[in-house]
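These are the structures, in C-alpha cells.
Below, chain A partners chain B and then partners chain C, in two separate complexes.
The block that comes next holds the complex of A and B.
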C-alpha cells in the first residue's frame, strides 16, 4: 500500500503522489491492486461464524417447519414415574410428638431410646439452652426477616460469631443459617473454574455439592489414605513444574471431614497439615460431626487449630449434631473468612439464622466451654465401650465400621446372618422400635459418590446413654441377628437336604 | 399497565460512570501509596505461613472491597437489637479508620423498619404466633438432629405441610428449613442433564445456583418479557441441545412472583399460556409474593386469579410474610412425593425447628381465619396492599424514578450515583428510617437504588412521616430524576382513600395481643 511518511523535511503534495504512482514498478502496482481486491472481497464475504451459519438462508427453518417441529416434540413428564419408596415415605409419617432427645415419644404413644440422631452431647432438651432460646424468642420473635446485609443481623449473631472465633482460637467466624449450605457455599466462594480440589472419596454429599458448584477440577483420593494423596499431590507438583505459569494462578485445596459421617472414622489431621505445607495446598476441614464430640481429639483439633490457625485454610463446620440448634459456620483467619461475607452465596443471599437459634447455640457453646470437655470425655468413653462390646458380643452377627471413639458407627448384617440389604436393615429398625429402640438406616441419594457400597444402620451415641440402654441395644441386636441366622441356617439346611436329590 | 420502568437518563448514567471511574482511579492511587508504605495498610493479608501459596481470591475482587465497598461499609450489615417489626433499634457504630473496623459504643437509634421482609407484620415477639412458638419450643425443643427421611419428622411438620397445601390449593406440600436451600437443593430432583432451564435474567441467586447444580442447559430470557421467552422456547424446542442436536427431554421455565430488587410482578397469565402452548413446565418462586399479593394472600397465582394447578412447581419461603424461616415446595401429590424421595435437603439436611414451624402454622391459621381475632388475616392483607399503593403513589409524586408494579410491596427508587447512595443511607438512618440501599454488583452499574419494603405493621402515620423525610432528602440529594408525569392511578391514592380502605377494620393498627400460651398449645397440639 501507499505509505505516507509524516516527515517535516519532506512535504508531499498531491502531484507528488501521482508522480510516485507513475514511477512505481508495474509489478508493485499489480500487487497493490490485488490486495485491494482481496480486501473488498473480504468485506462482502459471508461470515464463517458457526452460530451465524445456522441462521443463514440455507438451513433457516420456515415458521411452518418450526411449528411442525414444535408440534412433534414430546417432552418427558416433569416427574418420571419412579416407583414409590414406601419405607422412605413412611419416615415422613412416623412423627415424633416430643423433642428428639435421648428418648423420643411417637404419636402411637411409644417412647423409644434414641440411637439414631446426632445429639452427642445431649444438649437437646437441656433446660438452660431452652430457657435462653425462649428468652430470645420473647425479645426478637422467631424470624430474622432478612439477609445479614439488610437489617438481618442481630446482636446475637455478632456475639455468637465472636464466641465461635474465640472457641476455635481463630480470628473470625461466619455464621450460616443452614448446615448443608455452609460447606456447599464455602467451597465455591474460593475454588473457581481451573482450580484443583483434592477431596476424600468418602466425603459427605454436602461437600460434593460444593465441589460441583465450584466447577473446579476434582481429584479424589482413597479414603483417609495420605500416601495416595501425597502421590497425587506429587503428580500435580510435577505438572506444575512443567507449566509454572499456570501453576501460579491455580489454587489447590484439600477437602476432608473431621469425623466422616459416612463411615464414622477420623481424618489424620496431623499428616494432612504436613502435606498442606509441603505442597502449598489449602485445607478445608468439615467438622460438622466432630465439633465438641471428639474427646481427646477435640483437644487435638483445637490445639491443631491454634498451632496452624493461620495455616488452616478454612475450617468449616455445619453442625446439626452436637448442639442441636447451631446451624453452620466457618472459622479461620480474617484474610480467609471475611471473603465469604461478600461471596458466600448461602451467606449473602439467605435470610440469617433465626435469633432464638443463635442464642441457643451461643448458650450451648458456653456450656461446652464450661464443662471443660467433661461430656466430651464421657461421650468418648461411652462410644469406646459400645464399640468394644459390639466387637466382643456381636461377633459374626453384625459388622461394625467406625473408629472406636467415634460416636457414629455403621452396622451391617454379617454375611452368615443374611443378606445386608436396605429392606432387611429397615426391617431391623422396625423390629428395634418394638423393642423400644430408635434406630435408622443411613439414607443417601442415588448420585451420592461418597456413599458406602453396602447399606448400613447408622448408630449415634449420646454421652448420657446409660449402660442399661446400651445393654438393651446389644441384646436386641444380638437376638435379632441370631433369629435371622437361625432362619438362614434352616434355609441352608433345607437346601443341603435338597441338593443331593437334585444332583 | 401499572408497571413503571423509566430508563436511566443519559446525564445521570454518564455522571455515574464518571464517579465509578474516579473511585477506581483513587483506588489505584491509594493502593500504590499502600504498597510503597506511605499509607497504613489495613488490608487483611495472607499470614506468613501461607505467603507462598497461590492467593485465595482475585485481585479485582479485593480491589473492589477495599477501595469502593469499604468506604461505605456502614450502609450495610447494620445490626439491630430488637424484633424486626414496624420499628427497630439499630446499633450505633462508628469507625475510627474509615470502614476497616467498627466500634460499638452501645447506644442504639430507633428507626422505622423499611428494610426487613415482614410483609404481613408477623415478625412479633408477642401475640399468637410467638405464643405458639413458645409452646412448640417447650414441647419439641428447638432443634432436631436428623433429616426428615431418617427420624427427624415431627408432628408439627405434617400439620404445617397439610395447612400449606390447603392454603395454596394444591394437593400436597413439603417444607424445608431454609429458603435458599429449597431452591438450591431441590431443582436437581426435577431436571437434569438433557433438560433445558429457561431462567429470567434477574432470578435470585438461589435459583441460579440451583439451576447450575442440575447439570441442565441454562438459557436466560429478558426480565419479565414473554416475547423473548417465546423466542427462546421455540429455539430450544426446534434446535435442541447444542452439540448433540438431540431434542431436550423437558423444558423448565423458572420465574419469581415478585422480583425483590425490581419490585416487578411476573406476567404470570402470559407465561402460563406460553408454557401450555409449548408443553414446558413452570417453576414459580413465590419468595416475595406469597402472603404479600392476592386478595387472600395466596401469592401471585391468587393475584391474577390463575389456577394453581397450572403452575407445576410452586415454591416459596416463610421468611418474608410469615415471620419464620425456611421454604416449601407445593404441587401435585406426585411431584411432592418425588421431591420427598429425592430431595437433597430432605435426605441430608436437618428438619425444620419446631418453633419456626409453629410460627408459620399460626400465621397460616390466622390467614385462614382459624386463629386470632376475626378478620385479622384480612386486615393485615388489606393494610399491606393499602400501604404499598399509598407509599408508591407518594414517591411517584415526589418525582423519584420508582420501579415495579403498583401492587408490589417492594418499592425501589433510583439513586444512581455511589456517593448519593451512601449519603442517602446515612442520612435516612439519621432521620429515623431504616431503608436498604443496593448498588453494583447487586444491580447493574448504573442502576443503584434504595428499596422500601412495606409491611402490614406500618401505620399510615409512619408512612406520612417517612415520606416527609424522603421528600427532604430527595431535594437535598437531587434524586428527583423522573422526567415523566406520575402515573394516573397515583392521583386518587390519597390519605383519605387509604383511610376509607381501612375503615372496615377500625381496630388499632399494630395490635399486640396479650394471649396466654395456653392459646398456642391449643393451636399446635392435637
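The block that comes next holds the complex of A and C.
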C-alpha cells in the first residue's frame, strides 16, 4: 500500500506509472470508463431551465404557443365605460382658481369650504412657508436632478432629516421624494421572500403595494384587533418552535397605520409595542395622517417604545397632508433606517426631494415646534366637537366611522335614510357643492386588496374650520338626508299600496 | 463586464448569476487548483500518491462548501430574497442546467480524479477515498435531478 510516507521501494518514474495501467484492477478501469462516457455524454447535453414543478421558472414558450397567444389576444377598452367612472371624470371638469386650502374658489366663481382634502394644520397658503419655498426656488432652482447618491443631496435635505429625527426623538430620518413610494419602498427593503408580515386588514393602498413588492408571506389581522393579532403571533410562535432553523432566518413584521386613512381609526400603539417585545417582531407604523395631528399622547407612546429597544422597528410617514410639501420620510434608529440608503429603491433610484419642498417642509416643522401643539390641540377639539355633533344631530341619518379626535371621518348613509351606494353619495357631494361645501367620496383603486370598504364620504377636518362652517356642514347633511329619507319613505309607501300584503 | 452592473435597466438583480461568464474565470479556477497542488507537493515527507489524493480531496471538499453548502450571497442582491435559500450552484446561470460553466465545473473534478488514480498507481484505498468524494461531493450535487433538493431537510434554511 503506497500510502503516507515517501517510500524508496516504489518507483514514480513516468514509464512505470504507464505500466501500472496494465496491472490496474478491472473495477477501477470500468469506473474510469464510465466517467469518461459521462463526460462525453455531458458534452452533448442541451441546456434547459428546470420546470416550475422542480422549482425553476420553466422554459419559455415555443413559437407555436406564442403565435396562438398573440392571435387570441383581445385589447381591453381604454376607458372602462363603468358608470361609476363618469361621475369621477365629471369632477375633472371642475377647475380651481385658488389654492386648495381651507376654502377653494372655482372657475365658475363659487367658493366652497373644503372638507375634502387633507390640510389638517392649515399650512396650505401659510405665508411663511410660501416665502421660504420661493426663496429656496430662487436659490436652488426647481428640481434636484438626481437621486440622493448621484449629486442629488443638498444641505436642505440633510437639515430636514436632522429636524425630523429630532422632532420624533429618533436617531435618524431618511427622506423620500414621493409619499406613496416611501412605505412601498421601506417595507420591501426589510422584508424579503421568506419573511412574514402581519398587516392590518384596512391598510391603505400604498402599504398593500409595499407588501406585494416584498414577496413575503402576508397574514392579515382584523382591524385594530390586538387579540386577533396576538392569536396569530402565538400560532406563528408555535410553528417556530417546531422548526427552529427556519424560524432563525425568518423575519417577522407588523405593519399598521397610525391614523387609518380608510377608516379614521387610531391604532392601539401601546398594545402593539407590548406585542412587539413579547414576540420579537419588528413594527412599522405608517404615520402619514398622524404626524402633528394626534399630538403628545402619540409622541409619548412612540418615544417610550423606542427608547427601550435596541434598534428594531421604525416609523414611516409619508406626509403630504399635514405639513403640505413634505413628501415622505422614515425615522428610526440609525442601524435600522440607514439600511434604506442602499436598499430603499425609492430612495436610491428616484430623484431626491426638490429642495424647494424640503425647505418648505423644514419651515413647517419649525412652525409646528414653535406652536407647541397649539394647532394640534385646536384640531383635536374641532374634530371632537364635529364628532359629537354628528352623533347627536345626525343619529339616524348618517353613520360616522372614525375616532372622535381623528381629523378624518367617514360618513355613510344610515339604512333608514336610504341605500348607501356610491352614486347616492356622489349625488350628495354634488348637492353639497351647491350648498357651498366641498365634499368627496373616498376613492379606491380597483386593485385595492384590502377589505372592500363600504362607499363613504371622507371628511377631512381643518384646525381652522370655524363653528359656522361646521354648522353649515351639519345643516346640509341633515337637510339632504332628511330629504332622501322622505323620498325613500314615499317610495316605500307607494310600493305598499301596490303590494299590500308586504309589511 | 457589462452584465455585472446592479440596479440599472439591463442588469441582473443578482451578480452571482453572471459573474462566472467573466473573462478568465475558468483559467483562474484551474490556476487555483494548480497552486493548491504545488503547495501540497511541497510538503516534504509525503508520497506522490498522498499528495495527489490530498489535492483531489481538498478540491472536492472546498468546492462542495463553495458551491453546494453556503446559501445566498455575501452582498445584498436586488432579487427580494430569492437567492437566500439557494446554494451557489443553484444560483449560477440563474438555474439553467447544463450550461458551459456547469459542464466545466462538472468535468474538472473528474479530470482531477483520473489524474489522481493514474498517479496513485491504481491503489485500492486511494481509489475508494477519491471515488467516494468525487461521486458524493462533486458529481451528485451537480446533477439536475438534485436542483433545489435538500435531502432530509439538511441545509434547507
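Assume the second predicted complex is superposed on the first by the 395 of 503 C-alpha atoms of A that agree within 3 Å, B and C clash if a C-alpha of one lies under 4 Å from a C-alpha of the other, contacts with A are read in each partner's own complex, and residues count from 1 in each chain.
The criterion applied here is as follows: a contact is a pair of C-beta atoms (placed from the backbone, for glycine too) under 8 Å apart; a residue touches a chain by one contact, two chains touch by 3 or more.
The shown structure was predicted, so the numbers you read here are calculated from the model rather than taken from an experiment.
Asks: Would you sort A:35 into first (chain B), second (chain C), both or neither based on which partner it touches?
Replies: The second partner, chain C, only.
Asks: Kindly classify A:45 by the partners it touches after superposition: chain B alone (first), chain C alone (second), both, or neither?
Replies: A:45: touches chain C, not chain B.
Asks: Regarding the shared-chain residue A:94, is it in contact with chain B (first), chain C (second), both, or neither?
Replies: first
Asks: So, A:194: does it touch chain B (first), chain C (second), both, or neither?
Replies: The answer is second: A:194 touches chain C but not chain B.
Asks: By residue count, is chain A touched more by chain B or by chain C?
Replies: Here the partner covering more residues of chain A is B.
Asks: Check the residue A:135 against both partner chains and state whether it touches chain B (first), chain C (second), both, or neither.
Replies: In the superposition, A:135 touches no partner, neither chain B nor chain C.
Asks: Looking at A:249 after the superposition, I want to know if it touches chain B, chain C, both of them or none. Which is it: first, second, both, neither?
Replies: The answer is both, since A:249 touches chain B and chain C.
Asks: Of the two partner chains, chain B (first) and chain C (second), which one does A:21 touch, if any: first, second, both, or neither?
Replies: After superposing on A, A:21 lies in contact with chain C but is clear of chain B.
Asks: Taking the superposition on A as described, I'd like to know which of chain B and chain C A:391 touches: first, second, both or neither.
Replies: In the superposed model, A:391 contacts neither chain B nor chain C.
Asks: Using the superposition on chain A described above, determine whether A:343 touches chain B (first), chain C (second), both, or neither.
Replies: After superposing on A, A:343 lies in contact with both chain B and chain C.
Asks: Which chain A residues come up in both lists, the one for chain B and the one for chain C?
Replies: On chain A, the overlap between the chain B and chain C contacts is residues 54, 213, 248-249, 342-343, 348-349.
Asks: Could you list, by residue number, the parts of chain A that touch chain C in their complex?
Replies: Chain A reaches chain C through residues 1-7, 10, 12, 17, 20-21, 23-25, 28, 31-32, 35-36, 38-39, 42-43, 45-50, 54-57, 188, 192-195, 213-215, 243, 245-246, 248-249, 342-343, 348-349.
Asks: Can you name the residues of chain C that touch chain A in the complex?
Replies: Residues in contact with chain A: 7, 45-50, 76, 80-82, 84-85, 95-99, 103, 106-107, 110, 113-114, 117-127, 131, 139, 144, 147-148, 156-157.
Asks: Which residues of chain B touch chain A in the complex?
Replies: Contacts found on chain B: 44-50, 52-57, 61, 65, 69, 76-85, 88, 90-91, 113, 115-118, 122-126, 129-130, 133-134, 137-155, 157-158, 177-181, 184-185, 190, 204-206, 209, 212-213, 234, 237-239, 247-252, 278-281, 312-313, 317-320, 322-325, 332, 334-335, 337-338, 340-342, 344-345, 347-350, 353-356, 359, 434, 436.
Asks: Which residues of chain A touch chain B in their complex?
Replies: For this pair, the touching residues of chain A are 54, 61, 66, 69-70, 73-80, 82, 84-85, 88-89, 91-101, 104, 107, 114, 116-119, 124-125, 129-130, 133-134, 137-146, 148-155, 157-158, 177-181, 184, 190, 204-206, 209, 212-213, 247-252, 277, 280-282, 308, 310-311, 313, 320-321, 323-327, 333-336, 338-339, 341-343, 345-346, 348-351, 353-354, 356-357, 360, 438, 440-446, 458, 460.
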